[in-house]
Structures are given as structure tokens and as C-alpha cells.
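Before anything else, here is the set of structures, which you'll find just below.
Shared between the two complexes below is chain A, which has chain B as its partner in the first and chain C in the second.
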Partner chain A sequence: MIDIKDIRDTARDMLTKGEARAVIGYRRGSRGMLAEPAFITNLEQADELVWDPTCFHNLSLYLVEDRKFLAHLRKTANAPIAIVAKGCDARSIVVLMQEHYFKREDVYIIGVSCEGTGVVDERKLAPLLNGAHATSAAFDGDDFVFTTAEGEKRLPAREVMADRCLECRNPFPKEHNAVFGEDKTGRQLAEPFAALTRFEAQGNSARWDIWSRHFDRCIRCFACRSVCPMCYCDECVVDSISFPVTAETTAEDKANRIRWIERSAVRSENITYLMTRAMHLAGRCTDCGECERACPVNVPIRLLNNKMEREAREKFGYEPGASIGGSSLVASFLDSDPGDFIR
Partner chain B sequence: MEKILDKKQIDGWIAALTAKSQDGWEVHAPMLEEGIWTYQPASGAVRLDHPNTNQSPKGFAFPQREIFFSFEQIKGEAPRLTQVLPKEQRHAVFGVRPCDGRGVPRMDKVFTDHVEDPYYNARRKNVAYVGLACNKPPSPNCFCLSVGGSPVSTDGLDVQLTDLGDRYFVKAITETGKALMTAGGKLFTDPSAADQKQVKQVHTDAVAHPQRKINDPDGAPAKLRASFNSPLWEEMARACIGCGICTFLCPTCHCFDINDEVQSKAPLKGQRVRTWDNCQFPDFTMHSSGHNPRENTGARLRQRVNHKFQYFHENFGMHQCTGCGRCISGCPVGIDIVAVVNKVTEHAG
Partner chain C sequence: MSEQQTYEPRIVAFLCKWCSSAGSDLAGVSRIQYPANATPITVPCTGAISPMYILSAFNKGADGVLVSGCHIGDCHYIEGNYLARRKMHLIMQLIEFIGVEPNRFRMSWVSAAEGGKFAQVITDFVNDLKPLGPQEKLKKAERA
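And then the complex of A and B:
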């Protein structure tokens, strides 16, 4: 079990020695049990750091933000940023480094192992609390312990864990500078891609009906894109301004910009958006599952990304975020590639 | 008009409303679909046991997509524009919570006070809101009492239902509401003295339930005005990812974008449509020069909060926020409008 004191001490130590200019971690939020991202720059704040089953967020997103901010200011960093990263989060950081978004020395990874569990899925938890609202959540071996107004509620983690965590085999952040918690690499709480396999067991027409309803429900708030560390493009096909506008851009250029996707949140446009995003995540998505968690209308976005991930694994033996030096899926090929066109 | 409706009779009432011989209402009620509560066309099996709907009912008068007109240009001819007004169809929305009811007059202010928006008003005049009082706060992030509302408020509603266990206490608020109830005819019975006493007690208890609290809502407009340049904005928006959840779920956010959706280039054919827009999107304020006056999440959070608690108040004398708490519950990274307003107003001195 991880002692939060260790994470706090590491944060304090990094800041004291000037080895990190900030520590990104988790702290208690103002909404019930939920943790929220914390940006620690002074020693007192380090005491706010927490580690519990509501630490969902893939904080590597903020490394991307930081990099963009520095580029905007035309500044370079004087010290790395330290970041608390779970197994999936650390793999995202590896992908970002593979893609040369930042360098290894720009980041100090404080790895946290999810050990035998993972993060809670609020949608699974709610019915088990019978209308009560949890004010805190804690790890305890294979259980999660919640505090509610009616008292303490202990639940087997497997009953309320997010699907992504149940299916995760690598809860240990292999890439790290410091790491806390037991290495349980290879653990198997559910079959990999179990949710996808369940979904695909249905026939084509049933799947189309289900997806049609999901696509119709999407409100295009873009939370799935915004919360994703891999969606870092400065220009995105879904934005109304999908190319950089400068003082030199003519009115004609702006008027004749290509609009790939209309703003209307209707099925055709929503499909184009969600499918385009899934394609762009092939070989890059590390299944942190944040897109699906963030979705306000419960579109099972993870299934789309999982599909690509499984294709990459089955066809090419590719696992995103496995090593910084490894080649990326879409920028490499194998001599043994089954397709003739590539050779 | 005050009546009692047995819960078993609500489907009968809805059937009476939807019957063509009556006014031909299309009835909508909250249904649980894919784990979220959404308003769905209802014909039966309506049980108003929802907490609050995932999205507010603002879309009945202000849909996410509204077609203004279609256009067509045939070579050598003048362009043809055809206005597309919403279909004349009456909608009765059941189970509207008081916070969402209070959103209605706020939206009305925006779309009728200075400029009468023909599309909004064409829909609005055909929508009736059948509210449901909150016997206890449906969300841990409710704060209607902090913004001049109440769990038993009737603002914006045509009918108010109060859950009395096996029956509803039904009160008409407007003439439209009376007509809705009249359509139910004998399904409604007169309330007894005991019913009157019980509804009073339920309302008293509802208001007494603890909620989240904005500490100084009355002082907020002036204090926010004084805090425009506060460094707190950037600090509090540090985790903001710039998605549109908070405003798309909000019962009073009304910003929109207008685009031409071209269906064919030759001959040129398409539609001009209005879609919801969102002040939290980075390109919301992007100028055509490339300059963006609200270039970071701090400036964008300030816009959202100030619009709710300062600008709207200065323009219309009321907070725009109705305390439903959706933006708080829905935020993937914990940005909490109650905490933000409290922190900024406390630091404003």
C-alpha cells in the first residue's frame, strides 16, 4: 500500500532542491469524495497531495499544456516538472516522448502503482450507495472504503472499479524516476479488451443501432478530446478555425477554409468527429479511459479506442507506451508485414 | 387552481394531453437511458423519480441546432432564400426542477427583452413546463437557495407538482397550466385540508434541507467587478481543459454561433444554422486577425462566472445562475462555481 507521506516527501524534496519547478499531483477537491488536479509550487501545498481511488485524471495532459505555454512565451524551462503518474498515465508520457513532444529530462515521473485495484467508476458506485453521497474514498487492499453520511461503506474494488482498470494488466508505471506501490505487472482481473469483446459479440445491425443512439446523443462538448493528452494538435479538424490565422491570412483564405465537420451536433458530424479521433489515437492511446469518464452523455468512447488498440496488438504485436526508444506504430513497418503494399 | 392527482393517474393525464381531440400536446418526461436522465417523448409509464436530468430543458426553446433559412443559387438567377420557422407543435415538459424552471425567464430575457428572436419565440410560446418541487436536493451540488431560488420555486413553471408519497399536489401557476390541468378533467380531485397541511410541511422541510452555499451572492456583482484583474482566475482555472460541458449542460447559457452548411457547391445549396457555442472553447473569441482577447483558461473561467454573477445581474437585475449544480457535477477536473465565487468574493475584501 502506498503511504501518501512518501509522495508528499518526494514532492517537498524536489521543490526544496530546486529539482522540479512544480509538482503536478492530486488533492482533495470541493466536491464530495473527488480528487482534483493539484499544481504544487510551494512546500506547504505538498501536504495537500492525496492518493485515493478518485485520482482518475491522466495528469500528463498538463505536461502538454505546460509545453504549449512555454512555446507561446518563447521560453525554455529551467527545471523539470514532477508529475504523479499511474501505469496508464506513465505510458502516455512515454508516447509523448516517443513523439518528441518533450524530452525525458523535462519530466520527473513520480510513479504510483495501482497495485491490485485502480480507480472507481462513479456510475457503478452510485447505485450501490442507495442515494447517499460519498465524502471520501480510500484504498484498502482489494477493497475501496467510502465515507457517507450513513457511515463507512466497504466495497470490493472489483464491483466499482472502472472497466479500464479491470482490464489493465500493467498497473505499474514502468517508466519512472521514483515509484511507490507494489509492481503487479501482468495481473489479470478481467480479460484484456473484455468490454470490447462483449460488445462485439452482438451482431452488426445491433451494434449499428447502439452506436447510432450513442452518436445521436453526443453534444460535441469535446471533453473527450480536451481531456486527452494525445489530442495535442494546435489545429484540429473539428474546430471552426482549423488552421492558424495570422495577420497575413487573407479574407479569401478564411472564407474558403476547408470545413471537414460542421458544428451541428448531428449523427453524420458526430460520427466523423468520434471516428476521426479514434483513428488518430491508433497506436497512441494507452487506455487511461479519461475520454469515457469525462463524457457527460455516457458515450462508450473507450470501445472505439480499444478497437484500434487491439488491432495494433493483434496485427503488429504493438503496445502503445512500452518504451521511449521504440518506434511508433504509424511511423514504422515490419519486414514481416502481412500487407504487400508496404514492402 | 390546486388539485390532487393520484400517482397512478399521471399516465392518464398525459394520455389526455396527447389526445388529438384535446390540444394535441407532445409530452416529454425524464427517462433513464444509458445511465443518464434525458427528456424523452412520453406516452406512458412516467415515474417522476429522477434526480435532475443530465441536460437542462433549455433545448425545447433553444435547440442545439436551429435552421434559420435554406439558400439556393442557380446560375444566372437571383439567390433564393427560404426562411425555416419551427414547426407549430405544443410541447409539455414534465418533471422540470425549480432551478431549470428559473432558467426559463432568464432565457426569455435574452431572447425577447431587446431583440425578439423569432426562432426562440416561435418555440417558446408552444412549450409548457410542468415542474416538480425538490423535496430534498437531488444533487450534492445543488445551491438554488444561494441564488434567490428555492426547491419549491414556481418561477418559469406553468404547473407545479409536489410529491406527497402516493399522490401529487398539483398547482396551476399560469393560464396555460390551468388549461393543462383542465385537460385532465376528473382525474384530478380537490385537495383536503390534510393535503394542504402536508404540502405546506413538505415545502417547509424542502427549504430546510442543507445545500451548498454561496456566501455573499448579493455582494458578488460588485466584488467580481472589482476582481477582474485578480490573479485568482488563472490559479482557479489551472486545471480547466477547455471543454464545453459546463455551458452545454447549463440551463441559462445561451451563446451561439451561426454557420452556413453547404450541401452542394454547384448549384450552390445549403442552410444557415445556429448552433450552441461555448465561451470555454479557445476559439470562441478568436478574432479574424488571429488575436484572441481571452487567450487563457483564466480569462475564460472569469467570463463564465462573471456573466452569471455580474454582467447578467447588471443588465437584468438578477443572477443568471440558478444553482442547479450541473457545471460542478459534470466538470471532469473539479472546477466548482460555488468555490470559485466564494474565493473571489472573499479576496475582494
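And then the complex of A and C:
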């Protein structure tokens, strides 16, 4: 069990000594039980930090935001940022460092182990509370304890945990400066890629039937892109509105820009968007599952990313977020890469 | 004649400048007969092909996409085709995963000396594409 006091003390300690200019963590949100990202810069705020099953956000996103913000101000950081990171978040940070987005010394990772559990999936929880509104959630061994108006409700974590947490292979943040919680790497709550395997067992046309419905529904709000720490490009190839316009950009320049896809949210364009995103995340996605959680129309985006992750793992022996110094998936190759599909 | 008999698949063929493009040229100057369904697009190297080219080709109405380059070890840029092999494997898996017929995407190694092989690759591809019919899944809808 992680004592929240340890995380708060570490945050306070870092800020007092001036070893961090801010601490990114979780605090109680204003809506029900949910936690929200917190940016702590003074000592009193450190007591607001929480750690509970609703801390699902991948906070490494804010490291990217911070770097963009500093670049905009043309400033350099005077001290690192401390960040609370779960196993998946820590892997995201490693991928960002692998891509030289920032340096190891720019960030102080306060690792938190998910131990035997993970974060809650609200969609799984809602029916089990029978309409009651949970106001808080807490870890307790292999259970989650929710407080509702009708009293306490104890549920086995496995029943309400997010799929990605059930399938997680590394709930312990390997890359860290400080770490809390027990290392339970190797716990087997569900087979890795279980949801993907279930989906893939269907035939080609059944898969298309399901995907075409999902692709039809996508409204291209780009929530998946916004919430993803790996989607840090200022110019997004699939979104012509993100291409920069300066005073020197002529109307002709604008008209002649390559528009790979139209901006209208129709199926064919949605497919190209989501598939391109999956390709761009191949070997970089650490399965934090935020894209799927943020999706307002429940497109199972995680399946696409999972598919790429499994291909990379099984065919190329590549594990995203394994090492800061390693080469990336699509910028490296092995003689043993499969080539039997080539004629 | 029925619709099925007159259907000719449209293939977008991304050919590397150094091998497959020259291979297709050899097929031409050697007067080897092969179907005229492929639209060749010469690229500097298969390694330069972004998976987006393939998605974009399907999006704009290609019935099949062919990627062809130098044999492993023969790349003009030493390792371009090794990188392509990885990327194309991933995009092929992804296309198949969402339920598009896997036969719509093909990759081959054709050297500058293999005019006959190039003709064979195109012939086989056209024969495999014909029973599948037009590709409608990834194609952009016509504007009304």
C-alpha cells in the first residue's frame, strides 16, 4: 500500500530544497470521486495531492505542454519538474526522452506502483453502483472501496479495473528517481492483449462490420490526439488547420498545401485519421489508454494501438519505453525481421 | 457483358527508382505482355514510403497498392528496404486488422534485371484483385 503522506513529503521536500520548480500530481477534482491533474508550486498545495483508483490521467502530457510553453517564452528551465508517474506513464516519459524531447535531468520521476491493481474504468463501475454516485475511491489490497450516499461499497478491483490495467505487464515504473509501492511485475490478472485476442478471433468481414460502425461514429474532435503525450507535433499531418500561417503565407501557398485527408468527419477520412495515428504511435504507445478513455463516442482506439504494440513485440522483439538510449521501432531493423509476406 | 467481367482493378504501384522502376522499364523494352492496370509512381527508395501514401492511395480509390523495391542487401541507400520491410509489415497488419482484404496490399522485391518478374507480379496481383471487386471500404465518398 502506498501512503499518500510519502508522496506529499517528497513533493514538499523537492519544493523546499528548490530541486523542483513544480510537482505534477493528482488532487481531488470537483466532480464526484474523480481525481484531476494538479500542478503544485507552493508547499501548502502539497497536502492536496492524492493517490487513488481514479488517478488515470497520464501526466507526462504536461511535461510536453511545459516544454512547449517554455519554448514559446524562449526560456530555459532552471530546475527539473517532479512528476507522479504510474508504470505506463513512466514508460511514456522514457519514450519522450528516447526521442530527445527533454533530458533525463529535466524531470524527477516520483514513481507509484499500481501493485496488484490499477485504475478504475467508470464504464465498468457505473452499473455496479446501481445508479449511486460515488464521492470517493480508495485502494484496499485487491479491492477498491467507493463511498456513496448509501454508504461504503467494496468491490473486487478486477471487476471495475480498466482493461489496460488488467492486461498490464509492467505496473511498476522502472525508470524513477523515487518510487513508492511494491514491485508486482509479473502479476497475471489477465492475459496480455486479451481484449485484442478476443477481437481478432473474429473473421475479416465481422471485424470490418464492427470497425466501420466505430469509424462512422468518430466525430474527429481530436480528443485522442490532445490527450496523448506522444502526439506532440505542432503540425499534425492529418489536420490541415494546424499548418502554420504567417504573414508571409500567401493564399496560393495555403491552397497548394498537401491535404492528406479532408476535415469532414466522414468514415473514409476518419479511417485514414485513426490508422495514421496508430501508425505514428507504433513503437511509441505505452498503452496508458487515455485516448480510449477520452473518446466521447467510445471508439476502441486502444485496440489499434494494441495491435501495433503486439506486432512490434512478437515480430520485432520491440518493447516501447524499455530504454532511453535504444533506437525507435521504425528507425531500426533486424536481419531477422519477417519478410515472407514479400513476393 | 456484366459489370463483373468489365471490372478492371486500379493498382497504385510505388516503385523504387533504382530497381523496380528500372525493372518495369525492362519489362516494357523486352515487350513482355502484362495487364495495364498499374499506375506507377516512382519514389527514391521504398524506405521513403510513408504508410500514409498507402492509406492515401486507398482513400483516393485505389483497388490495390503495390510497393516494390530492391532485394534485401541491394538497396542503393544500404538500409532503406530493411526499414520499408518493417513499416510495410505494420501497415499491412493494420489494414488487415480493420477488416480490409489482405490481398489488396502487396509488396515485392524486383531488381532492375527482373523485367519478367515485374510482369508476373502485376499479373498475379490483377488476378487476385479481380475476384475482390472494387475497393469501397477506405474510398472517399463521391461528393453529391
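We adopt the following convention: the second predicted complex is superposed on the first by the 334 of 343 C-alpha atoms of A that agree within 3 Å, B and C clash if a C-alpha of one lies under 4 Å from a C-alpha of the other, contacts with A are read in each partner's own complex, and residues count from 1 in each chain.
Going forward, a residue touches a chain if its C-beta (ideal position, glycine included) is under 8 Å from a C-beta of that chain, and two chains touch if they have at least 3 such contacts.
Owing to the predicted nature of the structure, the values given are computational and were not obtained by experimental measurement.
Colleague: After aligning the two structures on chain A, examine chain B and chain C and state clash or fit.
Modeller: When both complexes are placed onto chain A, chain B and chain C end up side by side without any clash.
Colleague: Let me test your reading of the model: by the given contact rule, A:189 touches which partner, first (chain B), second (chain C), both or neither?
Modeller: Neither partner.
Colleague: Is A:279 touching the first partner chain B, the second partner chain C, both, or neither of them?
Modeller: A:279: touches chain C, not chain B.
Colleague: Given the touch rule stated above, what does A:83 touch, chain B (first), chain C (second), both, or neither?
Modeller: In the superposition, A:83 touches no partner, neither chain B nor chain C.
Colleague: After lining up the shared chain so the two structures overlap, which partner does A:294 touch, if you call chain B first and chain C second: first, second, both or neither?
Modeller: Touch partner of A:294: chain B, not chain C.
Colleague: Kindly classify A:107 by the partners it touches after superposition: chain B alone (first), chain C alone (second), both, or neither?
Modeller: Neither chain B nor chain C is touched by A:107.
Colleague: To the nearest 10 degrees, what angle do the lines from the C-alpha centre of chain A to those of chain B and chain C enclose?
Modeller: Rounded to the nearest ten degrees, it is 90.
Colleague: Applying the document's definition of touch, where does A:262 land relative to chain B and chain C: first, second, both, or neither?
Modeller: Once the two structures are laid over each other on A, A:262 reaches both partners.
Colleague: Measuring by CA atoms in the overlay, how small does the chain B-chain C distance get, in Å?
Modeller: Once the two complexes are overlaid, chain B and chain C approach no closer than 6 Å between C-alpha atoms.
Colleague: Is there a shared patch on chain A that both chain B and chain C touch, and which residues make it up?
Modeller: Correct list for chain A: 262, 266.
Colleague: Within the complex, which stretch of chain B touches chain A?
Modeller: 33-36, 38, 54-55, 64-65, 140-141, 238-239, 241-245, 248-249, 257, 259, 261, 273, 275, 278, 281, 283, 286, 288-290, 328-330, 332-334, 336, 338-339
Colleague: Can you list the chain A residues touching chain B in their complex?
Modeller: Per the touch definition, chain A meets chain B at residues 29-32, 34-37, 39, 57, 61-62, 123, 133, 213-214, 217, 219-223, 225-227, 239-241, 244-247, 249, 251, 254, 262-266, 290, 293-294, 296-298.
Colleague: Name, in rising order, each residue of chain C that touches chain A in their complex.
Modeller: Chain C residues touching chain A: 51-52, 55-56, 59, 72, 79, 82-83, 85-102, 106-109, 121, 124, 137-141.
Colleague: Can you list the chain A residues touching chain C in their complex?
Modeller: So the residues of chain A touching chain C come out as 200, 204-212, 237, 260-262, 266-269, 271-272, 275-276, 278-279, 282, 304, 307-308, 311-312, 315-316, 329-331, 333, 337-339, 341-343.
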